[in-house]
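You will see chain A twice below: alongside chain B first, and alongside chain C after that.
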Partner chain A sequence: MSEPILVPIEMDQSWRYAATAAMARFCEGLKECRIEALRCEGCGRRYLPPRPVCGNCHLLLRDWVPVRDEGRLAAWTVVHVPILDARSGRTREAPYGMGLIRLDGADTTLNHYVAEHDPSRLAIGLRVRAVWRERLEGAIDDILHFEVLR
Partner chain B sequence: MIRSSAIRIPFRYAAGTAGSRFLAALRDEQRILGTRCTSCARLLVPLRAFCPACGIEMLEEVEVGPGGTLQSWTLRADGTAFALVLLDGASTGIVHRLLGAAGEARCGLRVQARFAVDRRGGILDIAGFEPAQGGAA
Partner chain C sequence: MNPVAVIGTGQTRHARARDDASQPELVREAAARALDDAGIRPRDIDAVVIANMELFEGRAWPELWVGEAAFAAGKPCLKVATGGTSGTSGCIAGFHQVASGLFDIVLVVGFEKHSEGHTQTGMTLTDPYWDRAVASGAVGNFALSVSQYMAERGVTELQAAQVAVKARRNATRNPHAHLQMPAITVEEVLASRPLAHPLRLLDMCPQSDGACAIVVASGDKARKLNPRPAWVKATATRHEQPYIGDIDRRLITMRTLRDAAREAYASAGIREPLKELDVAEIYEPVSYAELAWYEALGFCAEGEAGRLIEDGVTEMDGELPVNPSGGVLSTNPVGASGVIRVAEAALQIHGRGGDRQVEGARTALATGYGVYAWADVIVLADRP
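Up next is the complex of A and B:
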């Protein structure tokens, strides 16, 4: 009987993501630090990230509205067991904060990193602001994370 | 708009009781082990905990190779080849790298396992199979 063997393996998984027309416009806007949501002409709900059809009314969405890069935390968590970042393929140094962020001008939330991992300093409703990366590429990680405004 | 990238997924494969014994023998003894089914008498490589045909637990551990015969091969886009090798004594072939000129590959070619210098308990503890000195069977 030999010792149980665990064979370490690294697998490379390549992917291609085809953006919808709405997401393509959203990403183009990010290159200029511009965030836009799609507003439903039926119920008035402003979707961010944008989606082509309203989930409530099933209307096609085409009314673009500006959104600020500041908002409020709608939910938060502190991650201790990091997962792979699908964009970079790397894990983030734990612990780190994550939040659902409702940006001013949007009715839905964005899932993103929060630059705070002390639970005693996190709360629903906290004001947060996007921290942009220096070289914008038109991707969601053009926003590095959200910082808490105090 | 199409975005493309890749992520690297690290994981650890738990080799299990029989697989661990097989890999430890590669790593520590440079021996290739199989299991003789006491019911159907086939010699299965790599070492297994049970016979998939008979469903019985197999206890007879047998060394095979390191020589063998090329049963089949396939060329890869990069010019290297994969080999299906029937190790001497074995009833089943194993897939591995074919070392050396892929152009020499033909069914029945005598090959020989070459062990890696740095062995860590994985199937790549065998670096691959190379044409044996002396040529065809």
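Up next is the complex of A and C:
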């Protein structure tokens, strides 16, 4: 059995990605706590994140519709073994709640943190509301997490 | 299309860390065994397909760096990298190359060496605007979908634990399997460490180092080289929209696997899969997924999956043994896992399953599952 050789590589890299016009408008909206979805004129599905084309109908999407920063839990979990944050390489302190949230006005769901990690206090259908951070930067984590409305 | 069969299989010993072998050595171990099993030499291979998720190992161009070990130098070689479906899609690519008449013999090799890299880092490299800040990883994503599946279909943690136990007990009859837990009990599964509610450590697949290869041959060559070729009766593939939030009630609807199964059964002439299939090797990265796949694959009606595992229908001595190999729950080198499903299904038709052989298996199912919901379905049989 050969000993594994540790290759000491530390990478500190930056990437730049071009957003579509749809994602750029969505991110600009976040800076003002505004959430907008794109609605397909074929199937009527209101998409978050907004994207140029409906994958089911193949129609161009251009019908912007307002979405509230409140909605319902469509799914939930309490994470004990956190995944890395791909941007910082750090992990979040566990346990923490996560949910698929169907915001009022959207048909797809948003994967995000939920400020509740007691499984007995989480259920599908619970109303939740976004808690925004103070300095808005036009990114999805302008929403810190969702709080459960009781 | 020309008739196509799997005529040889080979796999490595799978383990948490195969420090005794480099990536090319792992690939050569599986490839050489598959050639031996098929009774062919390297020069008989016309083309090679490689399945691997290179971001997990952080080493670019696996087809360059392990290709030689798969006997690909100087030959056509391509790579498939579609998460969990890499292996099954790689096999389907090989089937198509032979069915089209382009090649007579194709070697498909899948491998992964998770111990050398950072699988979680690779998995977080999703849409930079949408998922990266709020990624929940494979475990978290499954846990979210499981909460819906449990609420809607009424499956229980105990039924999921029974799936976890079945897999690990079956693995004890498979000398290649990574996890060897002969004394495992449902109590032990239910007492294992919570990962993401309701998933526990023993509900999840391990990360393994390993490789698996199959030899695919055209009709005449297949008949000459193997007394019981595993003929490819049907293949079907489905992909999905890009975000987990697009796939409403993922484990419940599972439209990709459902549609792929329907298409594959129709072309293989299968009406009642539970009765007509003799064995199935399905890609179940988590215990609950196996229950959801029973429904999507038409083994039972919606809401009946829990009863199937309780009644032992999918145990080795049941009506349809599911994952005699121990499945992904016992061994998961991602790029190889789909090839393992196909190789294990083919072994059953070849009658070379050893202690995990299902007596008289004539029709076998293999499936793949990748990223949020991609699905592959393959039917193999003892006649073309």
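FYI, the second predicted complex is superposed on the first by the 132 of 150 C-alpha atoms of A that agree within 3 Å, B and C clash if a C-alpha of one lies under 4 Å from a C-alpha of the other, contacts with A are read in each partner's own complex, and residues count from 1 in each chain.
The rule is simple: a residue touches a chain if its C-beta (ideal position, glycine included) is under 8 Å from a C-beta of that chain, and two chains touch if they have at least 3 such contacts.
Keep in mind that what you see is a predicted model, and the values were worked out from it rather than measured.
Trainee: First (chain B), second (chain C), both or neither: which does A:Q13 touch?
Mentor: first
Trainee: Taking the superposition on A as described, I'd like to know which of chain B and chain C A:C33 touches: first, second, both or neither.
Mentor: In the superposition, A:C33 touches no partner, neither chain B nor chain C.
Trainee: Applying the document's definition of touch, where does A:T109 land relative to chain B and chain C: first, second, both, or neither?
Mentor: Second partner only, chain C.
Trainee: Is A:L100 touching anything from chain B or chain C once the two structures are fitted on A? First, second, both or neither.
Mentor: After superposing on A, A:L100 lies in contact with chain C but is clear of chain B.
Trainee: Looking at A:M23, would you say it contacts chain B, chain C, both, or neither? Reply first, second, both or neither.
Mentor: In the superposition, A:M23 contacts both chain B and chain C.
Trainee: After the superposition on A, what does A:A139 contact: first (chain B), second (chain C), both or neither?
Mentor: So A:A139 meets both chain B and chain C here.
Trainee: Tell me which partner A:L84 touches in the superposition: chain B (first), chain C (second), both or neither.
Mentor: Touch partners of A:L84: chain B and chain C.
Trainee: May I ask you to name which of chain B and chain C touches more residues of chain A?
Mentor: Looking at chain A, the partner in contact with more of its residues is C.
Trainee: On chain A, which stretch or stretches are contacted by chain B in one complex as well as by chain C in the other?
Mentor: Touching chain B and chain C on chain A: residues 1-4, 15, 17, 19, 23, 27, 84-87, 139.
Trainee: Please give the residue numbers of chain B that touch chain A in the complex, ascending.
Mentor: The touching residues are 1-17, 19-21, 23-25, 121-123.
Trainee: Touching residues of chain A toward chain B in the complex: what are they?
Mentor: These residues of chain A touch chain B: 1-19, 23-24, 27-28, 84-90, 139.
Trainee: Name, in rising order, each residue of chain C that touches chain A in their complex.
Mentor: The touching residues are 17, 19-20, 115-116, 120-121, 123-137, 139-141, 143-148, 151, 193-199, 241-246, 248.
Trainee: Touching residues of chain A toward chain C in the complex: what are they?
Mentor: These residues of chain A touch chain C: 1-4, 15, 17, 19, 23, 26-27, 47-49, 51, 55-56, 74-81, 83-87, 98-100, 107-113, 119, 124, 139-141.
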